[in-house]
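Naming follows writing order (A, B, C and D), and every chain is counted from residue 1.
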Amino acid sequence: MTPLIALLALPLAGALMAVAVPHRGARIAGVVVVASAGALIMLVAQWGIPHAAPGGWGAPLGIMLEADGLALAFMAMVLAVMAGVCATAAPMRELPTPFWPLALLAWAALNAIFVSRDLFNLYVGLELLTLAAVALVATGGDKALAAALRYLIFALTGSILYLAGVVLVYSAHGVLDVSLLAATLPAPTDRVAMGLMTAGLLIKTALFPFHVWLPPAHAAAPAPASAMLSALVPKASFVILLRLWFEAMPDAADDRLLTALAVLGALAVGHGGIMALRQTRLKQIIAYSTVAQIGYLFLVFPLAGGDGAAQPWAAGAWTGAVFQALSHGLAKAAMFLCAGLWIIAVGSDRLEDLRGLARGLPMTAMAFALAAITLMGLPPSGGFTAKYLMMTTAFASGQVVWALVLAGGGLLAAAYLYRPMGALFAREIPAFTPVPRYLQAVPLVLALLAVGMGVLSDGLYAFLQLGRPGTAEEGL
Amino acid sequence: MTVYAVTGALLVALGLYGLIAARGLLRRVVAFNVVGSGVFLMFGALGWYEGHTDPVPQALIITGIVVALSASALAVGLVVAHARVSGGQVLEDDAP
Amino acid sequence: MTALLPVAILLSSLIPAGVTFFLAQDSHRLRNTLSLGGATVKLALIVVMLVAVGQGASYEARLNLAPGLYLLLRIDALSLLFMTLSAVLWLLTTVYAIAYFGTKAELSRFFGFFSLCVGATTGLAMAGSLITFFLFFELLTLSTWPLVVHKQDAKSLAAGRSYLTFALPGSAALLLAIVWLESATGPVLFTEPPDLSVMPDSHLRIIFALFIAGLGVKAALVPLHGWLPGAMAAPAPVSALLHAVAVVKAGAFGIVRLVYDVFGIASVQDLGLGTPLALLASVTILWGSVRALQQGEIKKRLAFSTVSQVSYIVLGAALAGPYAAIGGLAHLVHQGLMKITLFFCAGIFDERAGAKRIEDLNGLGARMPVTSVCFSLGALGMIGLPPMAGFVSKVYLGLGGLQAGAPWVLGVLAASTLLNAAYFLPLLYRLWFLPAADAATGDERAPLLVAPAAITALASLAVGVFAASALSPLGWATLIVTREYLP
Amino acid sequence: MAVFDLALCTLILLAALAAVAGPGLFRAVVFFVVYGVLIALAWVRLGAPDVALAEAAIGAGLTGVLLLGAVGRLSRAGADEPLTSRIDWPVALAAGLVGAMLVWAVLSLAPGPGLAPAVAEILPQTGVENPVTAVLLNLRAWDTLLESVVLLAALIGLWPLARGGAWQAAAGPVHHALPDGVLAGFGRLLPPVALLVGVYLVWAGAYQPGGAFQGGTVLAAAGVLCVMAGLVRAPGMAAPLWRLALVAGPGLFLALGVAGMAFGGFLLFPTALAKGMILAIEMVLTLSIAVTLALMVLGPPEGGGAQ
């Protein structure tokens, strides 16, 4: 078995086993984490672009799978987050048992999406992810049902729009493979197809103004599930967007369209930040922060796409956006896991109930602070490297307004993250249930990874260039 | 066979309206299925050529039908559970 | 070239910081050993480096982050000046802090961030490129916040919030300025001035303003100084740190770097930026003094005095003549020595005699003679009484003003000196000449608190008296200016 | 024929309109089932009997049962559908825009053979003679494997919805059918017939229209009917044996796929063994699908006698 297939088969097999014996779910997940780590290390060590053609047919008849730098980096991030989620979720007795098969199913779907080169296969993967994610929200119990429903309705609207676009693509070109599509002549219906697919994926990525489902859903789910939902799930549809706009149909990019996407991104940064400032519960603050952080990702379209794609600075912006997605994933997972541990400790995530908790659980407070640094984009962190790369492109290409969005978004993040920090570091010594140190260490490790991404970013940058879409030129 | 493809497109529009505008949750599930079959119909009709339909869209549509059923099943389960808890079948709009 | 030594100097504070965070609250001995050990090792390494640099060695360490983005540590004479100052004062502050806190709670967190802070400051001093400077600048901001809010009461938290409210927009401005500049010129190294001709003058002016906005927060330039007096809510060692060693110095040091190594004196003059900056510095000098005069709390008065004094350094850089440059650089050290003495003493007055307001100082001179003498030395130096350090700085700045064709600087200096006298002399008067209140207490049976103050007080006297020596800060500053800034 | 096509399309649109916007939830669902049957007819007309079968069995049949069951449960819970008579114009405009774009796109696309010739060319190597089955289980087996997992995921998604968190309790609401009522008689007769039809559909899928999903649906329908008729008690939503049945199909699929690595690639079925491997997968998958669908239609446990 090649490591690439192992990365796909392991979570899938784990999910099936967890359905068969749900009470052993935590242990199964642990095995999957360890084995996947092995496979991943082997893949990274090869430093290449492994691919596979299930059934041996290859495109266009079959489906192509390819683990380029982008896919592998995301799979590695997912692995890290899942390891953290599993480690903190395992001792949580109040977590419903179905959590485990669902978490593994979501993981399998994520990996399947990251490596797939086939637009319809991506649809199936997205649906698997959506159903597992909605069900994960529903593990939050009766109070989470409305949020799960709202999420499902939005997600289904999104996937059906995406599918309609895929139908038009196949009908026009007779292929579904991303690489083959790039080689076909443009068809007049491509604009409509791209519009539909993009609209669908925007809903799934929760870009403003399609974000209304996200905060209630992420806040209502149990904390380990929230960590997955916020850190991982929106990234899948974002990666598909990258594949579409930079690999499959770079020619369909129209500057006005790209700018529109970034404008929505900028509005998301502002709206998410302001809403986060108004919340009184920690999980809601973190969830609205996700809305804001997702906004940054969409600045990549005018910075690295369209006419700018051939410019020397495009690679920087593209890589910066990927850095942002990765570091946000790690940092956000750390934050939700902290929130989960604090809920165990004091039974609530209201800011006033968290006052002074830094004394009781210092390692989690540290983890939260480090994660906050990444989200604010302060150095040294993955978030900073991302911001620097995107900002440089913004200035170099004369699109200063996006640089201001990046800078302003960082300040908003500082403002809304200060409130939980201030509460944690208050003088009170609250009554709390102790949390074992090894559990406190889990979010700390994730946050350190997010910060470490900014210190050791050279290797990651080089790795992400493996199979980077050629339209985004290297340079600067 | 273009007429079927156009019908599919119209079904998508009709279903989308119901999916977004309807307030009753079960009605939205129905509308979702209408959109789905509209997309499939479009897909199949566009693959029709000289008396046969391209087998690839056919296979994809069958997959799509199963996926749509799966989504509907989860949706129905959620709608019923939500009705049991809240006593209604509408989502109260959260304050934005 | 060797990369080892700069990295070792950084690690000498980062490793103790990392370990200290995980120490239990009651392992005082280990924690103190780590803090003092780190500070001592750092000082020793810097001495080694000083000797080696004197023999012509150069040091460089580099870490790639992404194309066009890398961290560079590189040592030049200016780095060494700032680094030596902070390392010496650090060791003393650590001794003082250990004595000040005793066995209070949450010390692992405190000393962890304390060490992190010095790590950031040395990194800042050694930074060889703009982005490296920014990185350590931010690290400094972040590691200072937990120190400011250390007491965790409402006042400290408010001070912490105010600190971040100023600092974070400042860093956003700084980052925008850096990225904007580098997007046109490529990475800016301090040793290789960038080619500014690729950008229109108007852009350069905006970039300069953004830089000053970013650095000015830390340097407490009016009107960006609002956070500094509030930060007095922090414990005394932190105040010493903020005012003399790390934070405001980082801002001033950054402005010096900006003027000399990023834009270059010629460009600053050509763009017409020198005079506005000098005016801003002058306004800060005067405004800080006026506000100091109005304060009834000792630490508040000292805080506004800092606002005023640090701008001497900025003024020196802005005037851009050799004399002014020497005066500004020398003042970087002089102000540090004098101000840390004052804060050490203020802390002792507070801790041993409960003296917080100026009235509380009445008659303390008799009961706490050593502390009071030190305090007086610091204050007189600040006023600029010959042959104290402050006098030397002011003379050179005045000469620089004349040399740069800005005689009005003399007026600013004279006014500032009068104001300095007006807000310091009453304190000395109360210490030595007014009778103590009946219930007054106070002693100085705390050698570890008093010794650091005495050492810095003597040092601030010595640097003035022996200013003519090549080894004095003034001599060092002269060397830097002649070697690096004059053709 | 053109008249027939036009008439069928008109009927489809009318049925869809009634289902989406017509008054009364029960009536809407009935119209939806009618709509599904009409769509199945359209598929026959388009020369796609496999899809027609899937649409009739799954799209109309099973989804219809699911929705009808939901209507009943909702009315028992007192959750009536809110009345909405006003048209939401902004949404209508947006939906109309999407429809117009699609109509434009559909009209501007030139028909072509697509991949049909390519599939026909390699059909002998796939081990099956029905090109649709060849695409489903060989060419795009990875899709189909994931699809079977999607179905499973939807069922697992129902576990957390069990009343009171009792996710291992008996599936669905409590049924009170008379043991000798009409339904019961029907229920006794149906299972053997359904079993035959179901197995036949799977077997035939290799040559003719049919396959695991269609066959599984028929079996599931029979099972659900037995429970509703009161012939058998509803099984536990997550009883150990059922859980094994749920994962057997996807599990075997995945295992054989990985075993294919021995022949040179993931999910690679060598021509000589392809037929046997595909049939084995289909048979076991049918069982899993049947159990999954049956439990899905019964719904999450609502407090009817835990096992």
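One rule holds in what follows: a contact is a pair of C-beta atoms (placed from the backbone, for glycine too) under 8 Å apart; a residue touches a chain by one contact, two chains touch by 3 or more.
Keep in mind that this is a model prediction, so the values were computed, not measured.
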With subunit A removed from consideration, the chain sets that still hold together: B, D | C
{"item": "Most distant chain from subunit C by Cα centroid", "value": "D"}
{"item": "Mean-CA-position distance for subunit B and subunit A (Å)", "value": "27"}
{"item": "Inter-centroid spacing, subunit C versus subunit B (mean Cα positions, whole Å)", "value": "67"}
{"item": "Centre distance in Å when subunit A and subunit D are each reduced to the mean of their C-alpha atoms", "value": "31"}
{"item": "Between subunit C and subunit D, centroid-to-centroid distance (C-alpha), Å", "value": "73"}
{"item": "Shared-contact residues (touching 2 or more other chains) in subunit D", "value": "98, 102, 105, 109, 112, 114-115, 119, 139-140, 143, 147, 150, 153-154, 157-158, 161"}
{"item": "Where subunit C touches two or more other chains at once, by residue number", "value": "none"}
{"item": "Sites on subunit A at which at least two other chains make contact", "value": "61, 120, 124, 127, 131, 134-135, 138, 145, 164, 170-171"}
{"item": "Set of all touching chain pairs, with the criterion as stated earlier", "value": "A-B, A-C, A-D, B-D"}
{"item": "Of all residues in subunit D, those that touch subunit A in their complex", "value": "98, 101-102, 104-105, 108-109, 112, 114-115, 118-119, 122, 138-143, 146-147, 149-150, 152-154, 156-161, 165, 167, 238, 243-244, 246-247, 250-251, 254, 257-258, 260-261, 264-269"}
{"item": "Subunit B-touching residues of subunit A, taken from the complex the two chains share", "value": "61, 120, 123-124, 127, 130-131, 134-135, 138, 142, 145-146, 148-150, 152-153, 156-157, 160, 163-164, 167, 170-171, 212, 216"}
{"item": "Contacting residues of subunit B [partner subunit A, same complex]", "value": "12, 16, 19-20, 25, 28, 32, 35-36, 39, 42-43, 46-47, 56-57, 60, 63-64, 67, 70-71, 74-75, 78-79, 81-82, 85-86, 91-92, 94, 96"}
{"item": "Subunit D-touching residues of subunit A, taken from the complex the two chains share", "value": "1-2, 5, 9, 12-13, 15-17, 19-22, 52-57, 60-63, 65, 96-98, 101-102, 105, 108-109, 112, 118, 120-121, 124-125, 127-128, 131-132, 134-135, 138-139, 141, 145, 161, 164, 168, 170-172, 174, 187-189, 192-193, 195-196"}
{"item": "Subunit D contact footprint on subunit B (complex, rising order)", "value": "1-18, 20-24, 26-27, 29-31, 33-34, 37-38, 40-42, 44-63, 65-74, 76-81, 83-84, 86-90"}
